[in-house]
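Each structure below is given as C-alpha cells.
The two complexes that follow have chain A in common; it is paired with chain B in the first and with chain C in the second.
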Partner chain A sequence: MISVKHLKKYFPIKKGLLQRAQGYVKAVDDISFSVAKQETLGLAGESGSGKTTTARLILNLLKADGGEILFDGEDILRLDRNKIMGIRSKMQIIFQDPFSSLNPRMRIREIIAEGITIHRHMTSKETDKSVDEVLEMVGLPSGYKSRYPHQFSGGERQRIGIARAIIVRPEFIVCDEPVSSLDVSIQAKILNLLKDLKERLKLTYIFITHDLSVVATICERVAVMHNGKIVEIGDTRTIFTNPREEYTRRLLRSIPIPDPSRRRHFNK
Partner chain B sequence: MVREIFRNKQIVLGLVVILFMAGIATFAPFIATYSPYEQNLSPEARIQPPSREHWFGTDDLGRDLFSRMVYGARTSLSVGFIAVGIMLTVGITLGVLAGYYGGWIDFIIMRLVEVMMCFPTLYLILILLAFLGPSIFYVMAVIGLTSWMGLTRFVRAEFLSLREREFVIAAKALGATDLRIAFRHILPNALAPVFVSITFSLGGAILVENSLSFLGLGVQIPIPSWGNIISTGRFYIESAWWLTLFPGLAILITVLSFYLVGDGLRAVLDPRLKR
Partner chain C sequence: MSLLEVKDLKTYFFTDKGVQKAVDGVSFSIDPGETLGLVGESGSGKTVTALSILNLVDEPGKIVGGDILLEGKSLLPLKASDLTQIRGRDISVVFQEPLTALNPVLTIGNQITEQIMAHMKMSYRDAKERALLAMKEVRLKDSDRLFYDYPHRLSGGMRQRAMIAMALCLRPKLLIADEPTTALDVTIQAEILRLLVEIKERHNMSVLFITHDLGIIANIADKVCVMRSGKIVESAKVEDIFYNPKADYTKQLLEAVVKIPEDMRIA
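Moving on, here comes the complex of A and B:
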C-alpha cells in the first residue's frame, strides 16, 4: 500500500549573517521500505533517529529532498495541490503529546469535526451524527462534545485525537508515539483501542515508538532506525529473537522486563 | 479567565471610567448643556469661572467649557479607536504573515519594523502631519500607521512558537488551508498579548492626539478636543485655571484608566506575574 524508495531529508545547518548552509543534518538518509495493506509496521529507534521526520515526509507535512513515496501506486511527492488534498483524508496522524495536539480554544465537537468541515460538505446534523459515531468508536460519551480539551485526562485526550483522525475515514494512520506519554495502565487501553480500530476500519499503521515492548504488542513487522538510516527491518518476532545488528541488540537489552515470563514469550 | 478579569479591581475601575467616558461621548448632544460652538463675545460672558449656568466656566470666546469638553470626549475617543483599529489591522496582518510564513517574507517585515522603530514616534508623526497638513483623518491614519510595530512583533513571536505545536500539524494533516490554520488555530491562541496591547495603545493614541491638538497639528479649532482647549487655556493660565485644569484632568483620567485596564489584563493573562 505504501512503498518508500530512497527517501531523503537533509536539514541545513545555517550559520552567520548570510545564513549560508554550513553542512547538513541527514535526518532521513536514503531509506526504503514498504507497508502492506492492513499491516502495522513499527518504526523504532532512539530520539533523533529520524522516525518522526520519516512519518511527516510520508504525510507530506515536510518536503522531501529526494526519493519517492508511492501510496496506492501513486508518487505523492509529485502530486499537485488538489490531488494532495484528496490524499490528505486517506492518511492521518495521531500524536504523542495529548496536551499539545488539541487546540485549547476549540470545543471537542469542533476539534473532531474539523476533518469533515474541510473535506465534505455536510449539514450540522450530519456532522453531529458522525462526531457521535466516532466518539462511540473511541469509547467516549457523546456528552463530551461541548467541553474544552483542558477538562480531560491524558488518556481521554488521546482518544479525542484518535477520533479526529478516523472521522475522515482514512486508510492509513501514522501513530507517532501515541502511548509514550501515558501511564502504563492507560497505554494498554489505548493500544487495544488502536488494535480494535484497525480490525474494524481495515486500517494500515506505521507505529513510531522508542519503546520496543510496545512494538512487540502491536507490530507485525518492525524497522529499526539509527542516525537517519534503517539498520534492520523484518518480522517482529525474527528481530526480537534473532537481531542481526548490534544496535538492535542494544535497543532490545534496554527493555526493562519486570516479569521473567514475558522474556520467555519473546524467546519462543 | 473572564471571572478573574472581573475580579481584578484595577481592571474594573478602569473599565467603569472608560465606559463612563464612552457614554458621554456617545450621548454628547443630550449631555451638553449648551452648543459647543455658540460664542458670546460680550465681556461679561467671556472667561467666566465655573458657575451654576456654566459648570466648568466659559472660554475666551464665551463658549460653555463643559459642553466643549463633552464633545471633546467624542473627538478623543473616536480618534483613539480608529487609530487603534488601523494599528490592529496592519499590526496583526504583518505579524501573521511574518510568523506564519517565515523566510524572506519574515525578513522583509522585520526589517521594516526595525526601520520604523528607529524613529521617535511623536517626531515622526509631527513631521508627517507637517507635510500632510492638519486634519482629524490624517491624525487617525498617522497615529495608526506609526504604532503597529510592537504588536507585529508580539503576534509574530506567538506564531513562531505556536506553528510547531501538534494541533497545528494535525490541522495541516487534515488538509486545512493556510488561512484556516492562521486564523482559526493559531490566532485565537495568540490573542492574550493583543488584548493587552490594544488597551495600552488606546491610551497612548488618545494621549498623542491631545498632544498634537495642543501643538496645533491635530484637531483644529473650532472642533473641540481636550488638547486644543488646553492650548487656548494656557494663555489665561494665571487668571482662568479652569480652562487648563478640567481638560487636563479629563486626559489624565481617561488615559490612566486605559493603562489600568492594560496593566491589570497583563497581570491576569500572564501567570508569571501572579503572586
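Moving on, here comes the complex of A and C:
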C-alpha cells in the first residue's frame, strides 16, 4: 500500500550573518520500507532517530529532499495539488498530545466533523449522524458532542482525536506516539481500541513510538531507527527475540520489564 | 531503627473550590540502604508526599497532620534554617527535569561546589576537589572540562548525571528521586538507573524512588507502596507486589501495564 524508497530529509545548519548552510543534519538518511494493506508497521527509535520526520514526510507536511513515497502505486512527492488533496483524505494522523491538537474553543462536534466539512459536502443532519457513528466506534456517548475539550480526561481526549481521524474513512493512519502521555491504566485501552478499529475499518497503520512495549503489543512488523537510518526491519517477534544489530540489542536490554525476576538481567 | 518514618501524613490544598486531600493519611518507613518505590498514576499524591518530606509544599498546600521522622527526630517542628541544613546534607533530591532544577548562569562545577560549601566548612579548593570527585563518580566524561560548562550545553542524560552528582556530593543518607528518568531516552534511562543502584549500594544510601513506571519499580525497588487518590492502597516487598498483589487497584495496574510478552523478551 505504501512504499518508501531512498527517502531523504536533510536540515541545513545555518550559521553566521549570512545564514549560510554550514552543514546538514541528516534527519532521514536514505530509508526504504513498505507497509502492506491492513498491516501495522512500527517506526521505533529514540529521540533524534528520525521517526517523526519520516512520518511528516509521508503525510506531506514536510518536503523531502530525495526519494519516492508510493501510495497505491502513485508517487505522492510528484503529484499535482488536486490529486494530493484526494490522497490526503485517505491519510490521517493521530497525535501524541490530544489536548494540544484539539482546538479549545470548538465543541467536540465541530472538532470531529472538521475533516468531513473540508473533504465532503454534507448536510448538518448527515454530519450529525457521522459524528454519532464515530463517537460510538471510539466508545464515547453521543452526549459529548456539545462539550469542550477541557472537560475531558486524557484518555477521552485521545478517543476524540481518534474519532476525528476515522470520520473521513481513511485507509491509512499515522499514529504518532498516541499513548505516550497517557496514564498506565489508559494506555492499554487506547491500544485495544486502535486494534479493534483496524479490524473493523480495514485500516493500515504506521505506528511511531519510542516505547518498544507498545511495538510488541500492536505492531506486526517493526523498523528500528537510529540517526536517520533504519538499523533493522522485520517481523516484530523475530527482531525482539533475535535482534541482529547491536543497537537493537542495547535498546531491548534497556527496557525495564515489570517483573522483579528480570532484575539481574537489567542491572547487568 | 528506620532512617525515615512517615506517619499518617496529611497534606491538603485549600483552594477556592474546596479542600483537595492530596496526601491523606500516608505511612511508610525506609531502612538504611533500602529502596522504597512509590508508584501511582498522575494525581495520586506521590510527588506531594516527597515535597512534604522536604517541607517544600507551597501555598495553598499545607501539612495538616501526621509526622515525618528522620532517624527518630521529627522534621516538622524544625526552623527553616535547620531544615535547609538537612536538605542537601541528609536528604537530597533529584527531579524529573534537570534543566529547570539547574541554575542556567552558573557552571556545572560551580553549582556543585557551591552546594558543598553551603553545607560544609571547606575552602573553595577542597570543595572543588570534592565536586570533581562527585562528577567522576557519576561518570561525567571529561569532568575537568565539563566543570566549566553551562547546563544548556549538556545533553539530557549528562544533565541528569550532573544533578545526581550534586545530590550525592554530600553523601546524603536519603535520596529522593522523583521520576528522574521520565524525560530521558530508554538507553540513557537504563544507564542512569544502573548508576543509581551502583552508587546506592556503594554508600549504603536509602532511596525513595517515585515513578509511574512499574517496570522501573520492578527493577530497582526493595519495597513498594502503591498510591491512589492520596492514600497508600498496598505496601509490600517488591516480589509480593508483582507476584501476589492483594489490592484490587494493584491488580488492575499490573493487568493494564503495556509490556513485552514473556515469549517475546530478549534472552
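One rule holds in what follows: the second predicted complex is superposed on the first by the 259 of 268 C-alpha atoms of A that agree within 3 Å, B and C clash if a C-alpha of one lies under 4 Å from a C-alpha of the other, contacts with A are read in each partner's own complex, and residues count from 1 in each chain.
By definition in this document, contacts are C-beta pairs under 8 Å (C-beta built on N, C-alpha and C of every residue); 3 or more make two chains touch, one makes a residue touch a chain.
Keep in mind the model is a prediction, meaning the values are calculated, not measured.
With both structures placed on the common chain, the touch criterion links A:Leu191 to chain C but leaves chain B unconnected.
Of the two partner chains placed by superposition, A:Arg107 touches none, neither chain B nor chain C. Looking at the superposition, the partner that touches the larger set of chain A residues, chain B or chain C, turns out to be C.
By the touch criterion defined above, A:Thr217 lies against chain C but remains apart from chain B after alignment on the C-alpha atoms of chain A.
Of the two partner chains placed by superposition, only chain C is touched by A:Thr241; chain B is not.
In the superposition on chain A, A:Lys26 contacts neither chain B nor chain C. In the superposition on chain A, A:Gly161 contacts chain B only, with no contact to chain C. Using the contact criterion defined above for the overlaid structures, shared-chain residue A:Arg253 touches chain C, although it does not reach chain B. With the contact threshold set out at the top, not one residue of chain A is in contact with chain B in one structure and with chain C in the other. Interface residues of chain A, counted against chain C in their complex, comprise 46-47, 179, 183-185, 187-189, 191, 210-214, 216-217, 236-237, 240-241, 243, 249-260, 262-263, 266-267.
The part of chain A that touches chain B in the complex is made up of residues 56, 59, 61, 84-85, 88-89, 91-93, 95-97, 100-106, 114-115, 118-119, 161, 164, 168. Contacts from chain C toward chain A in the complex involve residues 41-42, 185-187, 189-190, 193-194, 197, 212-220, 238-239, 242-243, 252-254, 256-261, 263-267. Residues of chain B that touch chain A in their complex: 165-167, 169-176, 180, 185, 188-189.
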